[in-house]
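I've put the structures underneath this note.
Heads up, the next two complexes both have subunit A, just with different partners, subunit B and then subunit C.
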Partner chain A sequence: MLSDNAPLLSLNGLSACIGRQTVLEDVGFTLSNGQCLAVVGGSGAGKSTLLRLILGLRKPAVPVAGHLCFDGHDYALSKASSGKPMGIAYVPQSPAHGFDPLRRLRWQWQQLQRLLGKHAAGGEVLDALGLPVLAKAFPHEWSRGMQQRLLVAMALLEQPKMLILDEPTSALDPLIAAQVLTEVQRVAQECDIAVMMVTHDLALAAQFADQIAILHQGHMVQTGPAQQVLTAPSCDYAAELVAHRYWQQENPESLAAE
Partner chain B sequence: MSMSLSNPNVKQTIPAMPGTWTLMVFALTLGAGMLMTPYDPTQADFLNRLATPSALHWFGTDHLGRDIATRVLYGSFWSLGLSLGVVSIGAAIGTIVGLVAAQNGRWVDMILMRTTDSFFAFPELISAVTIAGLFGPSTMNLVLALIVVSWMKFARLVRSLAISVVQQDYILQARLNGLPAWRVLWQHNLPNILPGVFVLWTNSWSRTILAISGLSFLGFGVQPPNAEWGAMLLDGKAYLLTAPHIMIFPGLAVLFAVLTINLTGDRWRDRLADNI
Partner chain C sequence: MNALLTRLGGLVTVLFGISFITFAVTHFAPGDKALAIAQARYPGEMGFDAEILEGIRDEFHLDRPFISQYLHWLVDFLTGDFGRSYSSHSKVWDIFAGNLEETFSLAITALTLGLAAAFLLAGLAVWRKGSLIDRFAILLASVGAAIPSFWLSILLILLFSAHLGWLPAYGTGTLAQLVLPTVTLAFWVMSSQTRLLRSFLLEAYDQPFVETLRLRSVSEREIFFSHVLRHALSPALTMIGLDLAGLIEGAVIVEIIFARSGLGSLLAGSVLARDLPVVVFLVMFFALTYVLINTVIDLVQTFTDPRHLAGERNAV
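The block that comes next holds the complex of A and B.
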């Protein structure tokens, strides 16, 4: 679904360090409306740092250079943080940390509605994700899959142009993860929302993403359309990731067919 | 209510029933007793000196003929009430210090925590005795001395709890969506920290009761003729062999108070075991 217009998001020359250690070096990519980009990399590759910097959170990494252009607005990442760019919504990694355990779900949802000034839009978003009306339930009374879907709903409530998903499946079992991501994909396509997901799972990225960017030790070693990355990995690390992407599944075709 | 009982997280915010009820009954009995007793806790009655327990004087009278039951009841104001105040102020100071340390950067954190460490270096009772020795024995100095040595445990606990809460995604989300920092603190951080603080608070309360009684017994705390359990033990010391009831009843009062509060705290700790 490549758009002809200028990209929704373009990131150029992002470098950052934590202390004296460089964690990201000259990272950049572009993302168009409605596209899905997966940033794939192992632990410590700099995925979380990248994500936090795009969200305008400087701690704990300090960006030394970089330029972000989102939806026509420029953000110089080396300057003091200007907060989260308007139109980007964030879906936390795990429902276990995504909800305040002491607050009822409805309270948390209504607080978000107040913050965003979106009192009217709530019902449709819940409907779109197949969620019931929020009763007096506490977070733990819902299943993980429903909690994760509600986290997505909370992000969508903002009516964003782009969703950022942090390790969307690491807290879920594979089936639920696939269901949640399918929902996200469907809603994103309906509403023309770009999705950037950060994951260590290349198989998952291959299934859902149009574009794949492979991050290795702070460098973006390969970016490109998903098929191209899978069929023609550009370096040893990418090749290894591609080769071992199905290490959990005995029969990769069964997953691909889903 | 039934829903919150079934909630493993939320049951932490409702009282641990049996222990808490015992404590409330204990407090109510003391309060009602204070209202109903016909005697004045400080009024001497030399005709009735050292009377043994009877229908008129349930716990007997002391060397000045004062009704011991009445003095035990009024003593609860000093022992329970004063210590409650001391430990609450200490908890408030410690909570603020801990939150500030956790919220702010490296330098503030380091300075506050090293200060906390240095306060830990003072042994509790000895610093209280020292302060009483420097500024003279009085209730006010006792309170100050006990506050000075009581806040550090709270500061450490709150800092560590706050650091773990701050890293949660719901805090991040709230901040990203523009919830002001003080409201994040008030609506999310504090409620998630308070259960842990409460357990330490009950624990410190009973320790403070012992400290106040101990210091009053040594003559550094609540001064005569005020009825404080430790001070009453001091009064009765000279008559231990001839009129043991003067010491037995205030001693039992300390025992029951500390035991009840400790058991309540234990129940709470069991319920919160996953959290701290």
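The block that comes next holds the complex of A and C.
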């Protein structure tokens, strides 16, 4: 259906505002099959707004202009909600965002299977992520890392063409986060799934992403291959981020002190 | 299991405390008890011989020290001997049992109706938050909470009995006589619960996982019935338990206004007649009911929320 060199997702001229305040201005990027893009920025840069708008969520920001093309379908990003584009699956930032704490994990997994109508595929996805068969456990009875991996599995169950990861490190300790992301990277490469992750952590982005986009105060200040962004930051903010990353790597005790 | 025992221990302590306070209050209430008993026994007579009063003091151990009287009463009470009414000489238990059903059916129907209305209203309000229905629910709840039940019952009597003549204004026994008192109490339950339920539901909707469910294309109906309602039910249960105390209070007032028999009017009558065995027994009964219901609700919550259960398990 798509020619091989057309991007899976292209976003053009996205602007959005909360009330009268503009939170995103003329943001755009493209992403091809199997690629991993990290959107990096500090708090308030507009990262979550960007992610929410791509998922079709309209609160609290309202898009005023922009055009999204995903998998050959056009989505006008206007005030009316268009819903989540088919083929995008979302991995929430923490188990609290992903599971109902009062329901057993197996129940929640089966709920998703029922909605998707794919009863057969379940076991393979769990195997692929190294998860045990879901017994009668409640979410809190599993470790956070296991829960997060199950959330990835639930996203993969949708057989998506693209995964969106929201702040994958915020709820996990760095080691577990790296493990989960390694799994995601492996499965994404196996199944040719594109990955977009939103993070404040440039070091993490450098480790996992092919493409890095730096978002600062609602503007996309630099986009490009990871190596290029890291070696040749194009503006002051990007340079500062990159410098801070190297500073962190050279002074690991500063992280522990934080 | 430990938690269960701790709770039961606390429950017993509370009940002993209540029994002591109730007994002390009636014991130290002003007035000669022997005289009160004599007056209840021989209605109409005013002056009593010292012999009669002495006999009564002897019979009821009134000249013993307070602690001895309390222990005496406590042992009787624990062995199921609740004494006899001063005025009618019937066993307190029989009087109580004869009145229990009236109050029980009134309270249960009122609670059921009130809660059903509250759930419906709160559900509609949350479903269309900010709409006219929502505002109407809030208004009704506020107005309802501000109207005292004695006033509402009088209004209902004026409208449905005096003016329209559809329903009897007072009495016990038939279904028609149950309608107005039930409506009065149910209205009170509804108005106190609608507002709370609405905010519990909204709180449940605010939990971060709800948005993810929407992204997974779970229908709004399923989100409400399978997820949100469960989360709102736990705090709602606590508030319903607290409301039960209010319902007992309300029953006293409503039973008097509608001239119904029942525990409420029995309590009021006994207080006025200084029929202390009945008063003490009823106070103990209400306290026991209240404490028991709240303990049961606590336990139900502990054992239905997997997170609480984990907390208890870790604590043991």
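Observations on the model:
As a working rule, the second predicted complex is superposed on the first by the 240 of 258 C-alpha atoms of A that agree within 3 Å, B and C clash if a C-alpha of one lies under 4 Å from a C-alpha of the other, contacts with A are read in each partner's own complex, and residues count from 1 in each chain.
Criterion: contacts are C-beta pairs under 8 Å (C-beta built on N, C-alpha and C of every residue); 3 or more make two chains touch, one makes a residue touch a chain.
Just so it is clear, the model here is predicted, and its values are computed rather than measured.
Once the two complexes are overlaid through subunit A, subunit B and subunit C clash, as defined at the top of the document.
Using the contact criterion defined above for the overlaid structures, shared-chain residue A:136 touches subunit B, although it does not reach subunit C.
Comparing subunit C and subunit B on the residues of subunit A they touch gives the larger count to B. Of the two partner chains placed by superposition, A:17 touches none, neither subunit B nor subunit C. Residue contacts after overlaying the shared chain place A:65 against neither subunit B nor subunit C. In the superposition on chain A, A:178 contacts neither subunit B nor subunit C. Of the two partner chains, neither subunit B nor subunit C is touched by A:191.
Residues 55, 57, 84, 90, 92, 94, 97-103, 111-112, 115, 138, 140-141, 154 of subunit A are contacted both by subunit B in one complex and by subunit C in the other. Every residue of subunit A that touches subunit B in the complex is listed here, in rising order: 55-57, 83-84, 90, 92-94, 97-103, 108, 111-112, 115-116, 136, 138, 140-141, 154, 158.
Taken together, the subunit C residues at the contact with subunit A in this complex read 207-209, 211-213, 215-218, 222, 226-227, 230-231, 305-307, 310. On subunit B, the positions that touch subunit A within their shared complex are 3, 7-10, 13, 167-170, 172-174, 176-179, 187-188, 191-192.
Listing the residues of subunit A that touch subunit C in their complex gives 55, 57, 84, 90, 92, 94, 96-103, 111-112, 115, 138, 140-141, 154.
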